[in-house]
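What follows is a pair of complexes built around subunit A, which joins subunit B in one and subunit C in the other.
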Partner chain A sequence: MTKTFRLDGREIPFKEGQTIIEAAAAAGVYIPHLCHHPEFKPHGSCKLCTVNIGGRLGAACTNHAAEGMAVESETEALNADRRALTQMLFVEGNHFCPSCEKSGNCQLQAVAYHLGMMTPHFPHFYPARDIDASHPDVLLERNRCILCELCVRASRDADGKNVFGIGGRGIRARLIVNSASGRLAETNMSVTDRAAEVCPTGAIIRKRHGFTVPIGQRLYDHHDIATQLPLPARRGEGRGEG
Partner chain B sequence: MTKLKVATCSLAGCFGCHMSLLDIDEKLFDLVQAVEFDRSPITDIKHCGPCDIGIVEGGVCNAENVHVLKEFRRNCRILVAIGACAITGGIPAMRNNVDLWDCFQEVYHYGIGLENGQIPNDPELPLPFDKVHPINEVVRIDYFLPGCPPPADAIWKFLTDLAAGREPKLDYDMLHYD
Partner chain C sequence: MPDYDVCDLPGIVARWGNDPANLVQILRNVQESCGTIPSDTLDRLARLLDVPRVRIEATASFYSFFHAESHGAYEILFSDNVIDRMAGKAELKQYLCERLWLEPRKLSEDGLVFVDDTADIGLADQAPAMLINGFAVPSLDKSRIDLVAELIRARKPLAEWPPMLFEIPDNIRKAGPLAGEPFTPGSALKAALARGAEATLAEVDASNLRGRGGAGFKTATKWASCRKAEGEAHYVVCNADEGEPGTFKDRVLLNSYADLVFEGMAVCARVIGARQGFLYLRGEYRNLLEKLEGVLARRRAAGLLGKNILGEPGFDFDIEIHLGAGAYICGEESALIESLEGKPGKPRNRPPYPDTCGYRNQPTVVNNVETFACAARIAERGGAGFAALGTPQSAGSKLISVSGDCRRPGIYEVPFGVSVRQILIDCGAEDAHAVQVSGPSGTCISFREFDRRIAFEDLPTAGAFMVFSRSRDMFEVARNFTHFFAHESCGFCTPCRVGTSLLRNTMDKLAAGKGSAYDMNEMKHIMHILRGMAHCGLGHTAANPVVQTMEKFPDAYEKRLKRLDFEPAFDLDGALATARLITGRDDEWAHLADD
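Now for the complex of A and B:
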């Protein structure tokens, strides 16, 4: 018999070893997230997927589903927390949507739309961050980085190149590049790497493709990210082992 | 029916949000039935009197912006931040990590085609700030209507909700940051 757990009162089937977010996605239920990606190892850092698991708060991307557990996700309190976390991500970086090539395809923006964020609310940091335009085909725009480490994981686990890492701690944490000069041009990164397309925001973008699809016709311009879950068939594929 | 009094202004903005307001086209006839404009680029009234709704476009980039914004807050029962610049600082805030003096040099001395450029220094010019700020960092804001600019339909929906005493609510299609 299939094992199940309850998510907001609904029975969700799961396979042994599946996380809550994986089982929910397979059942077509969206839990807001940014650092989670079905193809890569869980990171548990953005905390947007925080759910109430039998009275305790935990990340749906790092907690395994278990028989009979009761999980709450779509509550007013959890969505208010998610909105506040999203607002903090906005003010910690320099997210100027009107001038960003990723606008409309950006998951940070899409999650904010989903949560009905009308303002970033908190005082803006306007941090000084570096741009690395040295690579012929890939632009690294740290102003838009949310430190989800998806590029770090993709480069290490899928591309086998280890191009990216996180340096510094706390508010000084930043995306760094694994080359002597610290510049992207001096790595073996290629525009066809998984790391070049996995960024949920506009921090890593392919050059000369920014406006191939016009603003207004993009992924999240008219459709809520909740209705655009990645295909379950892709789960597990290309996932790094060990 | 008493008309609602509405004031609007553009601080460090491009008047794009005001253009989007005008884009409600024939609904403007309905709007002027329900609304009387106080200070606004539409009336050219220079100072804001007591109003029901104040709509502020643009962020705060100089001392005059702060005076205008405080005048709006003093006089408007409901104050609305409209557009990316009022809400996040927007495009003008992209200068926040460039030294102000370097900005002036670039604009007035080194810009392409400039000869003998001078940095304006008239006492009548408002004092520029070293950083551009969203307006909610200066005064309390009651509602935020994002977009660059917000679509005309979003502005219409927002204003009609407010005028009817409803909590403004936008459909997914009307909520945009770009």
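Now for the complex of A and C:
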């Protein structure tokens, strides 16, 4: 007998140890997320995947599925709160989508569309953040970083390199790299690293690939991010497209 | 004073067992002996410890007390709780800056002094207070500031300063079983050994002791679960981070009743089978370090710590002190464990909880200082007597840290169930208008609610009790707290990282007279997001002070509202300030009309 739990009234089968988001994805159900990636250790920081688990709110990417559990995800209330989180991510950084190479392939932008975000709503912070163009093949555009730590995890766990980390605290948290100068060029980052392609936004960009696929023909230009399941197939979506 | 050489990096690293898990302690020693943690030190540490530099930088840049740039020979940090402000902190800080010819947050021109603010330093009963090179100086007034300024001008080393500047009285105004009755070191351990681990746990269970750190989790349940959990080792951690503004009872317990606390830890070690314990002491209590090391040494010599404690074969347990470095979030138990492991203090994903997966992913009991002190009393005297005091759901006594507008600030040990009004009478607060119970993350109550009771079932508290008289502006109280939370948010999760700053900015906008009813609704909206979606207790409660003062003291807000609808956050006229500066104009035409 496979075990199941209920997600928005639907029975979802799961394997022992699977998180809610993993089991949902395997069943073809999308739960909005940004810091989750099926290949990397759960992180639970963006909180976009927050669901109602039997009356208690929790992250679907860190909470494990359990037999008989009743989970709500697609409610108007939860999506409104997710929209607010997305707006927070927009205003804390500097996101100028029309001039961004990642536009159309960016998960932040795609989630915002999916959630029907029309305005940033909150006052912009306009933080002063650095761009690091020192590396021959990889551009670091910190203005677009949402601190999801996917690059940190990918570099550490997949590439075995520890190129990235998060420095500072609170609203001053920032992406740092593993070199005394603070420049990416002085790290052992390579363009073929998993860390170079895992960024959900345009914060880590492979140079000279920005417009290989024209805007208007990109991943999320015509498809809602929710239809891009199952998740494991999304591996490498950033490749060659920006 | 430190017993290692200035900037002997390999020496410091060796002293901490060449273990990257001790990175926060290593960085503390570097900071204390060198005055800064420069960038090349991070590289050298990376090589010595064989960990990537980026991880060292992540930790070094997380904690407020670490900095790469020089703060001179004298670093002065003024405690910036609202209680310090009420006691004249801003004026005294300005006075000191004038006397020393310097600007806050800027190293003095001779490279000698640096003056800034820091979060509450645990001396609200002796406000205003400050830290100088990490050591607390309480009860500031003009004459003490004059003395400090003179000592600095004479470039006297801190070690030669008059000790009276650093004297910190306990101010125990009302004593009880914890802070009052004598304790013979070893008596609780002897009783626990005679009874056996199982029976000692049963006594703690019968006592109905609940955690004194705020959440009120039943202590015996935690210990039992940890005792049952399998692991290579078990650990006991005493949470002495005491960062909640207005709280200072753990400071007093550690200053005068450290034996009770350490003995409670040893009793816990016996119950759960731990050989190693930690006291995580907030960096602001640096002045207690040598004294506490002394107590530990005495206990080792008396056979109350170390190998075969009290002659019991195989009962080995010792305690190491770790100091924090200016991060309130490290009071959250899983963030505390991260810090003990040398990392930035960011709360972990839970479950699993520390009782099964804590320090080095092993079963760990984390309890508050006062909880361990209670546990020692229970081991010594049995659980029934403890349970007889207080209420059925909140057994025993509670140390309350009283500060603010009252004649006798200090420590009051009261039975649980006592009314707020009774404490106000005891401390001489005739003109009380509001009380912030359990600090900014707790509950703000108005004069209409003074019959409410201090108990887990009514007003749960970690101990803070800040009194505000009629003359105080409750909006400013809440605004101070929003600054605190924005400063202390660890930044891990979106809602709190961004939400606490949005709240702070909105309160500042209101304070500048630019707010509207729209902003009030926005703050309620942010509170809703924080409560539901934040990763830990800091975020969950960060909006409480605003929302509660809005409800209970609406006048304090309404008088600040410019319009009842919308006022843009972007201040166009303010943005022109730079242009005015450049052009040297400040006439009427260089300003935008105000309405």
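Just so it is clear, the second predicted complex is superposed on the first by the 229 of 242 C-alpha atoms of A that agree within 3 Å, B and C clash if a C-alpha of one lies under 4 Å from a C-alpha of the other, contacts with A are read in each partner's own complex, and residues count from 1 in each chain.
Everything below uses one rule, namely that a residue touches a chain if its C-beta (ideal position, glycine included) is under 8 Å from a C-beta of that chain, and two chains touch if they have at least 3 such contacts.
Every value quoted in this text rests on a predicted model; they were computed, and no experiment measured them.
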Does the superposition put A:Ser45 against subunit B (first), subunit C (second), both, or neither? second
For A:Pro123, decide between first (touching subunit B), second (touching subunit C), both and neither. both
In the superposition, subunit B vs subunit C on subunit A residues touched: C
Touching A:Phe96 in the superposition: subunit B (first), subunit C (second), both, neither? first
Once chain A of both complexes is superposed, is A:Asp224 in touch with subunit B (first), subunit C (second), both, or neither? first
In the overlay, answer first, second, both or neither for which of subunit B and subunit C A:Ile166 touches. second
According to the stated criteria, A:Asp137 is in contact with first (subunit B), second (subunit C), both, or neither; which is it? neither
Of the partners subunit B and subunit C, which touch A:Leu147 in the superposed model: first, second, both, neither? second
Examine A:Gly104 and indicate which partner it touches, taking first as subunit B and second as subunit C; both and neither are also allowed. first
Touching subunit B and also subunit C: which subunit A residues? 123
Footprint of subunit A on subunit C - complex, ascending: 39-40, 42-43, 52-55, 57-58, 61-64, 327, 344, 349, 486-495, 497-502, 505, 525, 528-529, 532-535, 569-570
In the complex, subunit A touches subunit B at residues 90, 94-100, 103-104, 109, 112-113, 116, 118-121, 123-124, 126-128, 215, 221-224
Note: in the complex, subunit A contacts subunit C through residues 42, 44-48, 50, 57, 59, 62, 81, 84-85, 88-89, 91-92, 122-123, 125, 146-147, 162-173, 176-180
Complex contact set, residues of subunit B against subunit A: 81, 84, 87-91, 93-94, 96-97, 131, 133-134, 136-137, 141, 143-146, 148, 172-173, 175-178
